[in-house]
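In structure tokens below, several structures.
Common to both upcoming complexes is subunit A, partnered first by subunit B, then by subunit C.
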Partner chain A sequence: MLAHDLLDTWAHLPSPVHRLDARVKLVCATALVVAILATPVARPWLLAAYAAMLLAIAAASGLPAGWIAKRLVILAPFLVLGTIALPFVPPTETADAWQLAGIELSRGAALVWLSVGGRCLLALLAATLLTGATTSAALLRAVGALGVPRTLTALTGFAITYLAALGDEAGRMMTARRSRGRVRGLGRNLRVAASMLATLMARTVERAERIALAMVARGYRGRMPALTSERAPAAEVVAAVAFVAAVAAVFWLGVRA
Partner chain B sequence: MNEQRDAGGPTIAEEFAWARELSLGGLFIALGVVIPIAFHALGGGRLGPVFLPMYLPVLVCGMLVSPGTAAAVGVLTPVLSSALTGMPPVLPTLPLMVAELGVMGVVASVLHRRARLPALLATPITLMVGRAVLGLCVLGAVSLLPPDLLASLPSPMRRPLAYLLAATVTALPGLALQLIAVPAVVALVERRPTAPSAMGD
Partner chain C sequence: MSLIAIDDLHFAWPDGTRALSGVSLTVEDGRSLGLIGRNGAGKSTLLLHLNGILHGWGAVRVQGRPVEDWPADDLRATIGLLFEDPEDQLFMPTVLEDVCFGPLNQGLAPDEARGRAMAVLDSVGAAELADRAPHHLSAGQMRRVALATVLAMQPRVLVIDEPVMALDPEGREEVIALLAGLPQTKIIASHDLEMVLALCDEVAILDAGRVPAQGPARELLADDALLRAHGLRLPPSLRNG
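Right, the complex of A and B next:
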């Protein structure tokens, strides 16, 4: 039903991007996304600079281009709709008119659209590279280390860990139902579906209790005891500061130009 | 089980209760992603707004955990489902569901766990509060959005009352399902002893 490595399919590659500390990657990605989203409409070349940075990171990460493209496809309906709507925005004055393959477009509207579409695409690319090159567990630890409430990260962690297990359980129950033979009538079908849902939930509660007992037995006291160092390597912190400074410098130079 | 680990620290029972709450919350978020996938596998995307399959785990979980965790479960379930499966769509449904399910989680928890209201009574009240929150959110969105953006919304969403009415009528089978299933599942779960007491501690 759901792949067990749904989120971490490519998170274990031996690339320099993968080896970076998750907190360092998270800070760099956040800085880049903020800069991308703050880019003024009148400075489209800034987006080209950020796109070059992201492409360089994508190449260094070794993540498959097809996998990245599949993640970016979710933006396609939004981009296609916006592009289709563009010819319907009339130019405000003659100087604003822009001829493209015989179609008269509003230059201002086209620039706004390019900027909005480009920003969305690049922000999604940054998020895709971050999640593709980092395991979900490391990313959640990083998010927690940067101040997000522990309850939220713990709940998300549990959900991601057990998503596939519960999906498998639901799949097994549906297979068993099919194996028992066909049930006729809407009422009977609904009764079977309701009893399956109730059983699935009761089993989930039992599983949650087993997990809680295992957690306490393994030393859970508000958080699991850490077995590895919590500090990011100094060289990586320096690299992160340099990256954020580079992003800020590109933004500042682009806006001033 | 009530033995204290160190002076002033939480007891093992308290640690277990907190761990149980977290694991229950996390697993029910996962159920909130899995159950809608099963519904969609059975009847395509049309069954989602009719049977409200994501509401079921959020409501049941709300009655089993504290209000804070229930709110987190209500908020995280649609967000995670949208990120992993694309359902519900980010705009305009996701923000509405986040607000509705977040509030419903808190209300279910407060009514059942704090006010000790039976699940049979707490469920309809929670569902009504949820629908009210949905209406208020659409009203807020309509009054706050700039006219250009408002024009891009589907036409029923521009009239909050009509949207709320249409959404409620469409979801009548789902609301009936929640009214029957939530109290039944909560009763089933609460009748069982929790793990430590089952172990005889």
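Right, the complex of A and C next:
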């Protein structure tokens, strides 16, 4: 499988979440992430409510659970490090002490840690569902439609396309290297890796020049043109407003309670 | 008056490598010229002079007017340039956006550009690819979409660098049939002399930055001694008599 095939792997499923307009999904996901990150430490059940929302969306999207889990694993080092550090935070008073499997923990510190870890995990889950159920092209168009400068979205688009192409090229070079026998010794391996990197960089610059020529040949004058997107369906806009209102209401009720 | 006239064109790259050393040739309106020659003969470099991307010493005239006197936008709308590697030609997130890139730069309204792009994609048999990411396409699909990106600018002249390179036989036949059906004046640089024979009225041989011969395709492509002298071989269909 080529590196660029890993992008948008599950973005074409026929689920209701996939069918939604990308701008609608982006607004809903942003609202949910903001609410998750703003959840006070003293309101852990609010996180449970958001987790339920996200799990319902995940189920509706049909995205494979294993694929989602793999993307969440990126948080593992942070969560593990924080958990290991927890026993080293002493309880501030007797009432704060919390016994867990014979280890004395600070209850306050543990709650803060659970809240921070939970918020990060849920925010990452929201982002994963958004990017998993939307093609990168549609997501870039949505970001542009919501006011992000066209140059920035164009550059991101180039990065997505050509980083993947570069990954494919690096993979082909590795295959070619392996097919010509094993390189023995760390020093020789490092030299080979350095020369491969230099070749990749040179090829990247040459390709960038060729792309620039192709753009100029089609009338590019320094400003990326944009196709204005069609309006999002009215029903989806209403649904998005309702979703954002529900998130805000849950947050407001939770904080007030 | 020739549609394109090149007279004594010289060009050297910044590192001093001479790419063109006095190229002279002409292309008549509505005709197809095959530009053939060994690797490094200067074919791609010459093509980049036709729409003003490179500037050498000597004269390059389009419709009788020196290219340096053309407004860049008008020149690029007149001369459509199709690059050797379609991956370099396709850089937008979707096929539709890529095909719209040129028309939008020409000042078309988005709806108009979208309509033109869809019509062109349909004409090259790629309408169903409109929402796909260009880098996910097969080599043959990429070629057709790359051609659409140029046709969408409605050029009068198509300048094409190696249009069938790296295509399987079926894809090659499809692209040749597609190009044969286009009414534009064409300049096609290629090593595939069989394709040049099928598509071009005339041929110019480029060797070491010069054009030692230009003439009718059937005549030049049947001249074994001439082709061999410039590192080329007879196309298969003209071998053995």
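Methods note: the second predicted complex is superposed on the first by the 191 of 257 C-alpha atoms of A that agree within 3 Å, B and C clash if a C-alpha of one lies under 4 Å from a C-alpha of the other, contacts with A are read in each partner's own complex, and residues count from 1 in each chain.
The rule is simple: a residue touches a chain if its C-beta (ideal position, glycine included) is under 8 Å from a C-beta of that chain, and two chains touch if they have at least 3 such contacts.
Everything quoted here is computed from the prediction, not taken from an experiment.
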When the two structures are overlaid on chain A, which partner does A:Asp8 contact: first (subunit B), second (subunit C), both, or neither?
second
Touching partner for A:Leu100 - first (subunit B), second (subunit C), both, neither
neither
Now for A:Val148: first (subunit B), second (subunit C), both, or neither, which partner does it touch?
neither
Counting residues of subunit A touched by each of subunit B and subunit C, the higher count belongs to B
Could you say whether A:Val238 touches subunit B, subunit C, both of them, or neither, answering first, second, both or neither?
neither
Taking the superposition as given, does A:Leu140 touch the first partner, subunit B, the second, subunit C, both, or neither?
second
Thinking of the overlay built on chain A, is A:Ala52 touched by subunit B (first), by subunit C (second), by both, or by neither?
neither
Looking at the overlay, what does A:Arg221 touch: subunit B (first), subunit C (second), both, or neither?
both
Applying the touch criterion given at the start, work out whether A:Val73 contacts subunit B, subunit C, both or neither, answering first, second, both or neither.
neither
Contacts of A:Arg210 with subunit B and subunit C, given as first, second, both or neither
both
Residues of subunit A that sit at the subunit B interface in one complex and at the subunit C interface in the other, please.
157-158, 160-161, 165, 207, 210-211, 213, 215-216, 220-221
Show which residues of subunit C lie in contact with subunit A when the two form their complex.
48, 51, 53, 73, 76-77, 81, 83, 85, 87-89, 91-94, 96-97, 100-102, 104-106, 110, 113-114, 131, 133-136, 149-150, 153
State the interface residues of subunit B toward subunit A in the complex, per the touch definition above.
5, 9-10, 12, 15-16, 18-20, 22-31, 33-35, 37-38, 56-57, 60, 64, 68-69, 72-73, 76, 80, 84, 86, 177, 180-181, 184-185, 188-189, 192, 194-196
Across the complex, what residues on subunit A touch subunit B?
1-2, 6-7, 74, 151-152, 154-163, 165-167, 170, 174, 194, 197-198, 200-202, 204-213, 215-216, 220-222
Residue ranges of subunit A in contact with subunit C within the complex:
4-5, 8, 135-137, 140-141, 157-158, 160-161, 164-165, 207, 210-211, 213-221, 225-228
